[in-house]
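Note that the chains are named A, B, C and D in the order they appear, and that numbering of residues resets to 1 at the start of each chain.
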Amino acid sequence: MAFLEIDGLRKQFGSVEILKGIDLDLEKGGFLVLVGPSGCGKSTLLNTIAGLETITEGEIRVDGRTINDLHPSKRDIAMVFQSYALYPNMTVAGNIAFGMEMRGVPAQERQKAIDKVAKVLQIGHLLQRKPSQLSGGQRQRVAMGRALVRDPKLFLFDEPLSNLDAKLRVDMRIEIKRLHATTGTTIVYVTHDQIEAMTLATKIAVMRDGEVQQFGTPAEIYNNPTNLFVADFMGSPAMNLIPATIGGNGNALSVVLQREAREPISLPLADAPTGLSAFHSKPIIFGVRPEALTDPEGAERNASNIATADCHIEVVEPAGSDTYAVTNLGGKAVVARLRADANIQPGTSTPLAFNLTKAVFFDPATENRIL
Amino acid sequence: MSVIATPARQSTGGISARTVNRIVIYGLLALFALFYLMPLFVMLVTSFKTMDEIQNGNMLALPQAPTFEPWLKAWGETCVGLTCAGIKGYFWNSIKMVVPAVLISTLLGALNGYVLTKWRFRGHTLVFGLMLFACFIPFQSVLLPMATILGSLGRFGVTLRNATGFSFGLGNPTVNLVFVHVVYGLGFTTLFFRNYYEAFPTELVKAAQVDGASFFQIFRRIMLPNSMPIFVVTVIYQFTNIWNDFLFASAYAGTGDAMPMTVALNNVVNTSTGVVEYNVNMAAAMIAALPTLLVYVVAGRYFVRGLMAGAVKG
Amino acid sequence: MLRKLLIGTALGSGLAFAAHAQDVKEVEMLHWWTSGGEAAALNVLKEDLAKQGFAWKDVPVAGGGGDAAMTALKAMVAAGNYPTASQMLGYTVLDYAAAGVMGDLTETAVKEGWDKSVPTALQKFSVYDGKWVAAPVNVHSVNWLWINKAVMDKIGGTEPKTFDDFIALLDKAKAAGVIPLALGGQNWQEATMFDSVVLSTGGPEFYKKAFNDLDEEQLKSDTMKKSFDNLAKLVTYVDPNFSGRDWNLATAMVIKGDALVQVMGDWAKGEFNAAKKTPGTDFLCYRFPGTDGSVVYNSDMFGMFDVPEDRKAAQVALATATLSKSFQSAFNVVKGSVPARTDVPDTDFDACGKKGIADLKAANEGGTLFGSLAQGYGAPPAVANAYKDVVSKFVHGQIKTSDEAVTQLVNAIEDAK
Amino acid sequence: MTTVTTQIKLTPEHGARPIASMRSRLQDALPKIVLAPSFAITIVFVYGFILWTVYLSFTNSKTFPSYALTGPRAYQRLWRWTFESDPPSSWYTSIINMGIFGFLYIFICLALGLFLAILLDQKIRGEGMLRPIYLYPMALSFIVTGVAWKWFLDPGLGLEQTLHQWGWTSFHFDWIKNKDFVIYTVVIAGVWQASGFIMAMFLAGLRGIDGEIMKAAQIDGATTFQLYRRIVIPLLRPIFLSAFIVLAHLAIKSYDLVVALTSGGPGGSAWLPSNFMYEYTFKRNEMAVGSASAVIMLMTITAIIVPYLYSELREKPR
C-alpha cells in the first residue's frame, strides 16, 4: 500500500471546480512533484493535503489513515512556504521551535532538536537573529529547518525556491535533493519549474486546469508524454512539435514534413506505433526533442531508427556545451541540438539526423498521443 | 520617495534651482506651521496673562507680566461645580475609563479584523460593511435609548448583587462609559485592523496552523506581535476620541467621583451667568489635553509608520 | 486593569448596599452653576446641609445655559436613576412633572408656608396638579439697564424714563464717540432684550397677552410691529462686531467704558462685582425705560424628583434649606438675583438688589410679574426657541421688515405649539 | 490570494466520529463565535437604535419618547421647511450649510492634507517636529480651541484688530459676524482641526509607494508635476477613499465646532443638521422632528457611503 493516497479528490469554490477528481499515490520515501502552469490547482492540492483548505469530495490517506477531517496540526506534516512564512516577531530559533512549543515539547528537548537541525542546515550562527536580518537563502534554510525539526510523516513544499536567484536556486535544489536522500522522508513538492520537477522527483504529476494530465516517473513523463500539453510543458528547450502528415504504404509508414519553397521531407518510420496507421494521409503532430534532432556525426550510434534529411539552417546559437540550430519545418521553427564544435553556418543547408525511436506522434484533434 | 528634491538640474554658480526649491518648500511648511500653531499660541499667551491684561490688551500680544497663577489655579484651585480643587483629580477618572475602553475596543477590533480576513465565511463582507456603517450614526440620536438600556443593566446589576453579592460593574458610570465607547468604537477599530490584516501574509497563518497553533494561539503569537503599527494607530485614534468625548461622558457620568476630564473642563470653561476666567480656562484646556498631546508627539512617529503599514489601504 | 476596575466597583457597590438599611444622608444635585461666583453661592446651600449631616453629591454639567445639563438629566431619567434634585427652568419642570417623575413636597410646603411667601407667578412652575414639585431658588429679572456711570456723567445723561428718552440717550453717547449699546449677538441675548422692548412698547397687559398667553391677535398686532421697529432702532446703536459675542464680553464693554449701556438680566451685576465696581458710584442699574413697575422674570428652580423612600428625608432637607430665608438672602446677594420669597429682609443687598426686591414685591402684588419668553418662562421651549429664531433672524437681517417679522413670529409660534 | 476557509465539509466522513466531529465543528465555528458579540452589539446598539429613531419620527414625541404612532407629521414639517428659503428656515439653513461645509471641508482637507504630505515628504529636516504641529489640533477638545478661534476671527479682538494696530487699516475680515459667510469660518476651523490627520494618512501612503516606480517614471521623462498627477495620486486612491470616510464622518458630526465657534451664527446662520437635530430633540422638546431629521441625515449618508462601501468591499476577482 502506498504511503500517500489521494482518491477522487474534488474541490469546489462556489460554482467553480478547482480540483476535478485527483487520484495520486506515493510510496514511502518518495518525492512527488506537482508541476503545472499557474492556476492549474497544484497549490490548492497541496493545501488540501496540508488541511489548510477543505475538500468537497474524495479522500486523502497518509500511511493508511484518512486525514480528511483532521486539523493541519494533527496530520503529522510539515510545510515550507513560497514566502517561507517565517514569523517576523520570533528569532530563528523561535521559528524553528514554534511547532514543538505548540505541541508542548519541553524546552530542553526543543533546544536539542534546534541544535540538531541547525547543524544539518549549517544555520547555527543565525539562531538568535530575526528573519528580517537574514538573506533570501538563509531564510529558505530556516524555513526548511522549521519543517525538518518536526520529523513529520510528510513534507510539503510550496514553490520553495521561486524567490531565490538562479544560482542560489540550483544550490538549494541540490541541498533539498541531498536532504531527501539522507533523511529518506516523503515529500510532496509544488513547482512551476519543470527542471526542478525533473531533477528532484521520483514521481511527477503534471497538472492543468484542476486535472492531472500525466502521473509517472520523470523518465516516463519526459520520454512518453501522454499528450501535447505534457510534451510541450516538460523539457528545455521544449520538444519540437511539428505539424506533419503520415505517408507511405502498408507496413512502411513515413512522416511527411512540409518545408518552405522545397519539396517535403519524408522520413521512413521503422517501428511506428500501431495506432498511427489509422492516420494515413491525415495531419498529425510530430514530436521530436531537440536532442533527438542532431548532426549525423553526433547522432546516437545504437539507435535503431535514424533518418537523415537536408535542412535549411536559419539561426545558429552556440551555447557552449551545445550548439543549437534553428530550421523551419511544417511552418514552425524547429530546434536541433548539435555538438558544440559542429561546423555549421546559418543560411546554408546541412543534413540533420532524426532519431525516430525517440519521436512521438499526437492526434491534433484530441491532442493525445497516438500509441 | 522624494521627488522634488532630486538634484536633477544643478546649475553652476549663483543660486541653484534646487536651493530655490528648498527655500520655497521650507517657506510653505513654516507658513502652514504658523497657521496650525496660531490657536495654540493664543491659548498659551492667554494662559500666562492676568484677567486685566486679557480684557484690555491685544489677544496676540505677549503677556506683559507673565504669571503662572492661572496654571496653578487650573491645576489645583479652580471650581468644578462645587468642588474647588482644580482639574487634577479628574485625570484618574478619565484614565480609568479611557484605558479599558481603548484596550477593549482595540482588542475586539483586532479579533474582528483577524476573523474577517483570515477566517472568512460566507457573508463576511456584509458583516464588515454593517459594522463600518455604524461609524456614521449620530451619537445624539443614541443618547436616550442607550441611557434606557444602561439603566436596565444597572437595575439588573442591583438584582444580581442582591442575589450573588457581585454586580459585575453593571450600573457603575465608569463601566457604562467603557461599554458605550467600546460599542461605538468597534466600527473604526475593526476597519483599521481589517485593512491591516488584509495585507498581512496569509501564509504565516497557514504555517502556524501546520505548526499546530490554535485559533487564539495564532492570534496571540503571530498576529498581535506583528500588529504594532496598526495597534498604535488605533490606540491613538481611540484615545483621542474617547478622551475628548463630552456628550456621553456628561450624560452617563456627571457625578464628581466618575466625571471624566472633558466634563470637568467643560464645567470650568462654560458658565451661564458668571464671570469667565479665560486665562484659567486656557490653562485648564492645555492641562486636560496633555495626555493626548503627549500621545501624539511621542507616538507620532509610529503613527505614520502604522498608517503606512496598511491602516489606510481601502 | 479591567478586572481591578470591576472588583473596585463591586466593592464600592457592596458598601453602598450595606448602608441601605437606613436613610441615605445624601443629596444628589444636578446643576450648571459652575463658575466661581455661582459655585460659591451654591456652596452656601451645601454647607447648610452639611450642618444637618447631609452629604452633597455634586453633578455639575455646564454648557449652553443649562442645555448640556438638561440633556444629561434626560439621560439620567431615561436610565431610571433620578437625582435628588436638579436645577431646572420653567416649563421643563412641568414637562417632567407631567411625565410623572417628580416627587411631592406639598407637606413641607404647607408646613413652611411657601404658598404665601413665594410669588404666585412662580408657583405656576413649582406646583403641578396641586403638588409642590420644585423649590424656586431665586428670581432674576431681565428688564434692566446696566450703565457705566463715568460715561453717563461724561455725556451728561440722566435716567431715561421712556423709550424715546432712551434713544436720545443713546444718541448722546454716539455723538460722544462711545458705543451706545453693548449687545451680544446670540439669539437668547437678542430675545431677552426684545422682551423688555415689547413690555416697554406695548405695556404690561400687551406683554402678558402676547408673550404669556400667546394670543395671536396681539402677536400680529401693530403694537408688535412697532416693537420690532423699536428693536431695529436699538440695533442701530450696536457696534458692528456684536454678532456672536458672549454676554459677559458685552458687560465688560460697559465696565471698561467702551460702551454706555447693556440691556441684560440682573446676573450682569455679578460681572460688575467681580470687577470691584459699586452700584451708584461706578455703574447704574435702571429698569428698562417704560417698564418700571413691571418685572419680567425668570427663576432657577430645584426640581425635586421622585426618589426612593430612603432618600426622601434628604430631599425634604434640601428643599427646606433652599427656601429658608437665610439661604435665600445669602445666595442671592452673591448671585445678583433677588429671593424667591417676598418676605426676606433686604438688609444684606446692595442698592440694585434692594430695588429688585421691592420691584418684585410690587409686581407680585400688582399682577405685573411676567415670565420672560426668551428665558423660557413665557411659553414651552418649542415656542420660546421659535421666538428666539425669529428675533435673531430679524436682528441679523434674514428677516428684513417688521411686517415680515410679525408674520414669521405668528407662523413660528403656531408651528411650535 | 487564497484564504483559509471554514466552509462546512461535505465529506462522507462527517459525523462518523461524533466526538471528533463535535470538536472540529466547534473549531470551525470559533471565528464566528469570536465575531458574534461585536456583530450583535452593532446590530442592537446601532441598527436597533436607528429603527427606534425611525419609529419615534412617526410619533408625536415631545420632551420624552412617546410610542403612539401619529403619522409622518414631522416629515411633513421638514419637507415644508426644506423650501422655506426667504427668510430661511433653520432646516433650510442647515442643509444648505451641510452642502457648503461638507464639500469645502472634505475638499480642502484632502487638498491641503495631500499638499502638506507631499511637501513634508521631500526629505525635510525637522519633519519629526513639524508633523506633531500639523497633527495636534486633533488632540485638543474643541470646547476650548473654539474660544481661541472665536477670538482670532473676531474683527474687534483678533486678526483684523491686530493688523489694524500694525498699520494695515484697510484690512477687513468679519466673516464670523456675517450671516452669509459665517459657515466659511466653520470650514476654516474644521480644516485646521482635521487636515493634519489627513496629512498623516497621505504621508503614510506616500511612504508606502514603491520607490522603483518613481524612478522608472523619472527615467521616462516625467516632470515632477506629471509624476504626482499621473503616478503618485492615482496610487494614493485607496487613501483618498479612506480619508473621505473619516472626513465624512467628522463632517456630519461637527456639532461642537459650530456651537463653540459661532454659538449657531448670526440668526442661526451657521447651523448644520447635527445642530438642528440636537436643538429639536433636546432643547425644543420636539423629539419627533429631531428624530426625523436624524433619519434624513442617515439616509443621506447611506446614499453617499453605501456605493463606496459596495465598490470597495465586493469580492475582487482573485
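Just so we're on the same page, a contact is a pair of C-beta atoms (placed from the backbone, for glycine too) under 8 Å apart; a residue touches a chain by one contact, two chains touch by 3 or more.
Predicted, not measured: the structure shown is a model, and the values here were computed from it.
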{"item": "Common touching chains of chain D and chain C", "value": "B"}
{"item": "Taking each chain's C-alpha mean as its centre, the one farthest from chain B", "value": "A"}
{"item": "Separation of chain A from chain C, taking each centre as the mean of its C-alpha atoms, in whole Å", "value": "90"}
{"item": "Computed distance of Cα centres, chain D from chain B, in Å", "value": "16"}
{"item": "Geometric centre distance via CA averages, chain C-chain B, whole Å", "value": "37"}
{"item": "Whole-Å gap separating chain A and chain B, where each centre is the average of the chain's CA atoms", "value": "56"}
{"item": "Residues of chain B touching at least two other chains", "value": "144-145, 206, 209, 246, 266, 269-270"}
{"item": "Per-residue multi-chain contacts in chain C, two or more chains", "value": "64, 71, 74, 246"}
{"item": "Residues within chain A bordering two or more other chains", "value": "47, 52, 71"}
{"item": "Touching residues on chain C, where the partner in the complex is chain B", "value": "1-2, 5-6, 9-10, 12-14, 17, 28, 30-40, 42-43, 46, 56-66, 68, 71-72, 74-76, 78-81, 140, 246, 248, 252, 256, 265, 267, 270-271, 274, 335-336"}
{"item": "Chain C partner contacts - residues on chain D that touch it in the complex", "value": "62-64, 77, 87-88, 90, 150, 154-156, 174, 176-179, 182, 259, 262-269, 279, 282-286"}
{"item": "In the complex, chain C residues that touch chain D", "value": "64, 67, 70-71, 74, 77, 92, 95-96, 99, 185-187, 239-246, 380-382, 385-386, 389, 392-400, 404, 408, 415-416"}
{"item": "Touch list for chain B against partner chain C, complex", "value": "55-56, 78-84, 96, 99-100, 103-104, 143-145, 147-148, 150-152, 154-155, 157, 161-162, 165-169, 171-172, 174-175, 178, 246-247, 250-252, 254-256, 263, 266-277"}
{"item": "Contact footprint of chain D on chain B as seen in their complex", "value": "1-6, 8, 25-26, 28-29, 32-33, 35-40, 42-43, 46, 58-60, 108, 111-112, 115-122, 125, 127-142, 144-146, 149, 182-184, 186-187, 190-191, 195, 202, 205-206, 209, 215, 240, 244, 246, 262, 265-266, 269-270, 278, 281-282, 284-285, 288-289, 292-293, 295-297, 300-301, 303-309, 311-314"}
